[in-house]
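There are structures below to look over.
Same chain, two partners: chain A is paired with chain B first, then with chain C.
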Partner chain A sequence: MGELQERNKARVRDYIENVINNHIVDRFAEYVPDDGIDYSAPPGIPRGNAGTKMFFTMFFEGSSDAKNTIHEMVAEGDKVSIISSISGTHDGNLMGLPATGKHFSALLLETVRMVDGKYAERWGGMDIVGLMIQLGALPDPDLKARTEAYTRMVERYIYGVNHDDENALREVFAKDFNDHNNAQVSGLPPGVEAVVAAHHQLNESFEGLTFTIDEVLVEGDEVAIRVHANGKHTGAFYGFPPTGKDITWTAHRILRVKDGMFVEAWNEFDQVGILQQMGVIPSFAPPPNPEANKALVRRLYQAENDHNIDIVYELMSPDFVMHGDALNPYQKGLEPIKQGAKMTQDAFPDMIVEIEDMVASGDKVMVRLRWTGTMAKPFMGMPASNKKMSWTAIATNRIENGKIVERWFNSDVFGMLQQFGIIPGGQS
Partner chain B sequence: MAVEQNKELVRNFCQTILVDRQLDQVAQFMRDPLNDVNETGKPEPLAHVTQYFDDYFQAFPDLKATIEDVTGENDLVTCRLTLSGTQQGEFMGHAASWKPFSVSSIQIFRVADGKIVERWEWVDRLGLRTQLGIQN
Partner chain C sequence: MADESKYKIFWKLTQTEPNAPFAEQRGINYHAYPVDDYQIARADVQALANQYIANINAHNLDAAKAMLDDQCKEMTMPGEPVTKAGIDMTYGMLLNAFPDLNMTIIQVLIDGDMFVINGELHGTSQGQFYDNAPTGRSFVTYMIEIFKITNNNKFIERYFWYDAMKIVRAITGTG
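== the complex of A and B ==
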């Protein structure tokens, strides 16, 4: 190529790498003449270096680390075309958008006509629409396609881990991949090789290692995943010798994608849970106390006899889950429990529940119950019989941190329906 | 000279595909798969690239592409275009506005062995949206 073209390219490189990238807007006049024309300048931007200075001053205010990376230059005659991208962090007000903290990378294609080493004319520019989509200021028309593409990448990644397939990992992790959690594991090589080494090590520690993807969320250039893993501890892990135990754990990972590859990631996984299951560090949970659990169950049913329904807030977890039967189907939370107790009390004002037996072990209490009462009002669509009725049930209650968190329940619904006269065979 | 041949290839591509819309001719000019840097940064089946052009032609049936300038160096060729027309179909999720527009575009191609192997594209999408009255 000619001398002029080489000189022009050197000028462009000097302008972008030394002046723009160091945010020295006061030196723009050395590269853009006063009367330079930018055919893509937004409305309201003045001509020449004053306009360039105004635009970049605004841009740097919105991104204090904005940097323009040149990918290619094409020079012919007095023109230079530049393929570059502007990347940075949106940490200030950018073109009216308050800081989001998001990372962006916008493609920039421009052609400039150089006169005396300066930008006399300029066409093209930054993909501002693409930038606004990345910052969440415009809806993302490609979200569905990108969600699918990123999900495929995650699946390939998990396949690579589950099959200890190094090449699958190298397909989706960039060479210079940055794992922000590598500090947790010493002696790993940099880049994608750290991913390969860490997961190879994990496969050595856990026979039959299987990760399952539980959730994939995509926004902007990030994909966030929730997974769980299991495997048999047949190799050293964190220096602890194999225990032969089946271990299971959960993990979250947020990965950033650039040019179709994972370039960085943040990771949290339940290391302590793994070590607890291996038995090398004690569990943080208090040891189960079956006697205390039985006392808790006794208080609950005594309160039912006292019509003190609100005690459920004291004795049961707000996340309570009921795995019930035809009488009490699957329920979550405490409101259905309160409603059920209130309905029963309304229909059977003299209702009494008696504990006939309790069997407690570990964190569970099985309790055998009998309800007895006179039906004074309609109940579950049945007209009031004004007769004494009685039915039984057996329930398993699981107690965690002094509260009932879960219950499995079977009651004699059949016998109840016989007493109502719906099913033959009872004494109605 | 190779640069002149490459420029001729790109000029023919722009004329045949973007101006004359002979989409069945895409494979004459482009390698399959094509490294479509804007989209995924990875090789894309040519069918996807053709679909991308077709989406534009569907949204803007009267789209007129005018070649303004072609330059080249080594294996790269740039093509500056003016695109004008009327939005008569859905574009980026926005229903037809029946508004006219005229915007600038720069396309840059890498050529190897007589075919386009890589494609970069900039379209003044901000100007396009403004002229079509698309707010968000």
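== the complex of A and C ==
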């Protein structure tokens, strides 16, 4: 390669790295002549440096941190071909696409003819289709294959963690891997070795440490995972001596993949929860009070006998979830509870519910119930019998912050159907 | 003991370049391919380029793929590097949409063990191209394809760009 080619390459590097990457559009005229021709410019872009300025001004509006990284240059005669990639955050309107906040990286190939150190002619451009797919503007034809590939990488990662297998981690994490949360941990080596060291440390702190993958989501070049971990605290953790306690925690991690390797990640895990379980710091939640919980359940059913249905707003969470049975299937929120109680009270105006037994521990109260009443109106499609009926149920209620948040419920629907005469053997 | 001078490019990439990990992350094993020591005559590069172009214009993708080293990597969609499948992904898709696809050469640039095909693609819309149904319209668009050659005279890196937007404008009559 001759002196001219070396000079042209240096000039291209100067333009890209010092001018384009610093977004100094007012200096473009030093590198692109007024009459420069860009054979690949989109329609409506003027000729020469005015067009280059217009294009990059628009591009930088769509990505305020856009940066062009040169990978290789090939030069012969008065031409230079450049292999680079343009990457950044889509934080503004980019070619008509409103900001998505997504990170992108698009291959850029171009060939320029240099005259007196300026781009006299240019061919080439970026991988617009790839860019649009990354920004979600075009369907991703490779999503399924990539989801499978990324899931395999995540599985390899978790295998490496669970088996303290350093090589498995090095297979999937890039050498210069950047963990954005490492600032919290001092003394970690850079790159993939930080992952190896951090997980080695965790394995020393928690015997039998096992991470379980609960969820894997893939979009663009990112894979988001939700996991939970279990292990026995048998080694120092954050300087706290072992307690021998079984510890469990949850974690989320978003990893960005480039060229088949994890290159950066953001991580959140329940460190405080771990320290609470170790007994190092107190729990933020009030300790469970089984007797208070039983009193709350008593109030709820007494209110039902008083036909005070609206008490549910006081004693139950608006996010209440019921895991029921055939009579009361899965329900969410308070309205289905109110409707069910009203329907029963309409059909059985003298209905009484009695608590026959309660067993309470931790945040749960298991209650055995019996309803008795006269069927004065049609109920569940059955005509009114004017007979006294009775059925039982057992429910587990979970109480959080003084409200019932969740319930598991089984009732004697079978016996009820026998009393209706639908199933033989009852006292219809 | 390994002769480190053989791996000068590798060391240069990993130790001095700001984008050092790029080549390594693509899985290109420079230790196995001491390309810096590999001197290839300009005429030989030109012959390889001509053969590749002839294979593409004969629509013989198997022959084109046979010119790629088994370790060949290319930068394509985010995340996964593709190897020989890249030829099928790019030219296979183009041939499906434009069965009369033809490449004409503006210039081949050669610099050491790399070469660049600066050319034009010509074709007629007879199959689906992304979201666009066939229209029977023809197009001419610019393309650039860049290769790095390794010491078995096979291609160890491949980069491909063509002006897809220009094709869409031409076949849909919008530009």
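Keep this in mind: the second predicted complex is superposed on the first by the 358 of 428 C-alpha atoms of A that agree within 3 Å, B and C clash if a C-alpha of one lies under 4 Å from a C-alpha of the other, contacts with A are read in each partner's own complex, and residues count from 1 in each chain.
Keep in mind that, in the parts below, a contact is a pair of C-beta atoms (placed from the backbone, for glycine too) under 8 Å apart; a residue touches a chain by one contact, two chains touch by 3 or more.
Please read these numbers as outputs of a predicted model, since none were measured by experiment.
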Chain C versus chain B on the shared chain A, clash or fit after superposition:
clash
In the superposed arrangement, which partner chain does A:65 touch: chain B (first), chain C (second), both, or neither?
neither
Does chain C touch more residues of chain A than chain B does, or is it the other way round?
C
For A:314, select first, second, both or neither according to whether it touches chain B, chain C, the two together, or no partner.
neither
Under the stated touch criterion, which partner chain does A:354 make contact with: chain B (first), chain C (second), both, or neither?
neither
By the touch definition at the top of the document, which applies to A:346: first (chain B), second (chain C), both, or neither?
neither
Of the two partner chains, chain B (first) and chain C (second), which one does A:79 touch, if any: first, second, both, or neither?
both
I'd like to know which partner A:127 touches here: chain B for first, chain C for second, both or neither.
both
By the touch definition above, which chain A residues appear in both interfaces, chain B in one complex and chain C in the other?
1, 5, 39-40, 42, 72, 74-77, 79, 81, 83, 107-111, 123-125, 127-130, 138, 149, 258-260
In their shared complex, at which residues does chain C touch chain A?
18-27, 73, 75-81, 106-107, 109-112, 114-116, 118, 130, 142, 144, 146, 148, 159-161, 163-166, 169, 175
Mind listing the chain A positions that touch chain B in their complex?
1, 5, 39-40, 42, 72-77, 79, 81, 83, 107-111, 123-125, 127-130, 138-139, 141, 149, 258-260
Applying the document's contact rule, which stretches of chain B touch chain A when the two form their complex?
3, 37-38, 40-42, 69, 71-74, 76-78, 80, 92-93, 104, 106, 108, 120-122, 124-127, 129, 136
Touching chain C in the complex: which residues of chain A?
1, 5, 39-40, 42-43, 69-72, 74-77, 79, 81, 83, 85, 105, 107-111, 123-130, 133-134, 138, 142, 145-146, 149-150, 174-176, 220-221, 257-261, 263
